[in-house]
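Structures are listed in the sections that come next.
In the two complexes that follow, subunit A is the common piece, with subunit B as its partner first and subunit C second.
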Partner chain A sequence: MGAMGTVTVLLFASLAERAGTRRLELPLEEGATVGEVRDRVVAQFPQLAPAVPTLMYALDEEYAREDAPVRPGSTLALIPPVSGG
Partner chain B sequence: MSVNVYIPTPFRHLVGNRASVRATGVTVRDIIEDLDRQFPGFRAQLVDSTGERARHINIYVNQVEIENLAGEATELNEGDEVAVIPALAGGAPTALTPEMVERYSRHIIMPQVGSAGQRKIIEAKVLIIGAGGLGSPVALYLALAGVGTIGIVDFDVVDRSNLQRQILHQTDDIGKPKVQSARETLLAHNPNIEVVTHETPITSDNAFEIISQYDIVVNGADNFATRYLVNDACYLLKKPLVDGSILMFDGQATTYLPGKGCYRCLYPAPPPPGMVPSCAEAGVLGAMCATIGSIQATEVLKLILEIGEPLVNRLLLYDALTLEFRIVKVRRDPNCPLCGDNPTIHELIDYEAFCGAPIPHAAAPFGG
Partner chain C sequence: MLIRVTEAPISADEGARAVASPAAGAINVFLGVVRNTNLGRAVSHLVYDAYPSMAEKEMRAIAEEAKARFGLEDCAILHRTGRLEIGETSLVVAVSCGHRRESYEAGLWVVNEVKKRVPVWKKEVWEDGEEWIEGPESLGMQQAPASMQR
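And then the complex of A and B:
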């Protein structure tokens, strides 16, 4: 399966701090899911791995499960909880 | 003495449909007699069959009920404001005094609020979890709006490091219990309201008892264990929860209505201890508190007034560095252990064990 377009990944809050960036573009493999895109992000930024079980995903601004397919040109947001008050 | 007497709607037919009239006398009793001379039949409205003042009639001098002064013997000063207020069928005397009409005039003038809406605000009971960064602006705006009963839960004392963002507290408050400092600040802004202080950490043992006294809960907690606890307690008690959280330059806000999703639908598992830092560990831009806190206060007022579209099934993400607001659509998770189709959580649990981290208490202040 080859690359067929890109996906924009947005990192929020502590993820952005840990990765040192808030936005990245990744090539998108055909049929890739939210979880697979996330794994590519974590491969690039291993320091994000401990946060994975707590993340919420939003695909094109809508809540998405890990198994949701990602279409080319989509935006995937990785949203960790924030506890400060 | 000549004083102004506020006449509520039920009595206005007696005084030529005026909202206020002048009366003279040395004491409250004199004023009532003068009103009866000017408007025959007025006194009969205030007394029961024995000639004593009826229990459902309250008389206020400058917004203080005369039973807290010297009763009908209360002496008056030139220019005092007297109000004769009957309790309404519902119980609470919710008539707006002239002071309230003036104070809340910028609310009342809007058709979405009006005097009926302002009375709803005055009758509302709102609980705020934490008198810290978020709790401060939420409490202040709700107090200014006239929310009649504001409860505040916080075990902590004011620390100098709080003052960079927690606008309820000032330098002279350092060392004071936060709930006490909060109460003083709120009553200085609006003496018409009640501020109920709960000087304790909120725990599985007291959460039901505290939360059940209120209509709406606002979350300004500073740790995950308290956030899961308050979420679960609000769902189990069927109370709306207006949630907000901040860290560094990021903020989140959403409103949970019972049965329409909860914190666990978004974040089923708490982060491992140390993964997500607290404000004490990572810092927070003070002005962020007002951005998110003001949104929470707005949500509370919308819920009270039943206007607009609450931030339900939508999570607001605020990035102060790019000044971007994003709204992500979220939804109730049918597999949620709390509010899903086959729930496994039916009572409060041990949240310290669940989160693998203690709920901060007075011995280890986190400082919101």
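And then the complex of A and C:
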């Protein structure tokens, strides 16, 4: 399976601070899921690993499950537990 | 329906004006404000981060759902981001409807939904440190293994 396009990954709050960036572009493997892209991000930034059990995900601004397929050109946000209000 | 994530100050007046309607007998406004302590620790100030475009989408969905669920005339949700000092307003929820009971019920429901699923985060800054807060009501904490829940 070759790369086909890219995915933009957004990091916020504690994740952005720990990674030192709010945004990265990754090549997207054909058929990759949200969870697989997340694993690639964690491989690049191992300091994010402890946050994984409480992460939520959004694909193009809609909450998405870990097994959802990621389309080329889409934006995946890694969302730590929200604390607004 | 007024929905906004902004770094500028937000006010009760703005929320109340936005939901005014000739059909409303009740307007209920909730303000979330920055408190000077949390879990016994003195808070210096808060810093809010957000995913603004998605936050506004989620806030709009919550407001639409509240209107249908409680028969509201209108609903406004404003969330501030950036640095907020003690006493400043971080959240405004305003609802208008026929009578008082549903105005209170709807207002509480909307605030609870905001805390569950709107992608906004607060960092507490103390005299001697700081920490990003993980909301106990958030969807993320609710899916966590029991050992990680506070």
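The definition used in the following text is that the second predicted complex is superposed on the first by the 81 of 85 C-alpha atoms of A that agree within 3 Å, B and C clash if a C-alpha of one lies under 4 Å from a C-alpha of the other, contacts with A are read in each partner's own complex, and residues count from 1 in each chain.
Here, a residue touches a chain if its C-beta (ideal position, glycine included) is under 8 Å from a C-beta of that chain, and two chains touch if they have at least 3 such contacts.
What you are looking at is a predicted structure, and each value in this text was computed from that prediction instead of being measured.
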item: Subunit B versus subunit C as contact partner of A:84, first or second or both or neither; value: both
item: Residues of subunit A that lie at the interface with subunit B and also at the interface with subunit C; value: 12-14, 16-17, 53-54, 56, 58, 61-63, 77, 79-85
item: Residue ranges of subunit A touching subunit C (in the complex, touch as defined); value: 10, 12-14, 16-17, 53-56, 58, 61-63, 77, 79-85
item: Interface residues, subunit A side, partner subunit B - complex; value: 12-14, 16-17, 22, 50-51, 53-54, 56, 58, 61-63, 77, 79-85
item: Interface residues, subunit C side, partner subunit A - complex; value: 32, 48-51, 53-55, 57, 79, 90-91, 111, 114-123, 132-135, 138-141, 143-145, 148
item: Complex contact set, residues of subunit B against subunit A; value: 129-130, 132-135, 219-224, 227, 244-248, 250-252, 266-267, 269-272, 275-279, 282, 284, 315, 317, 319, 321-322, 326-331, 368
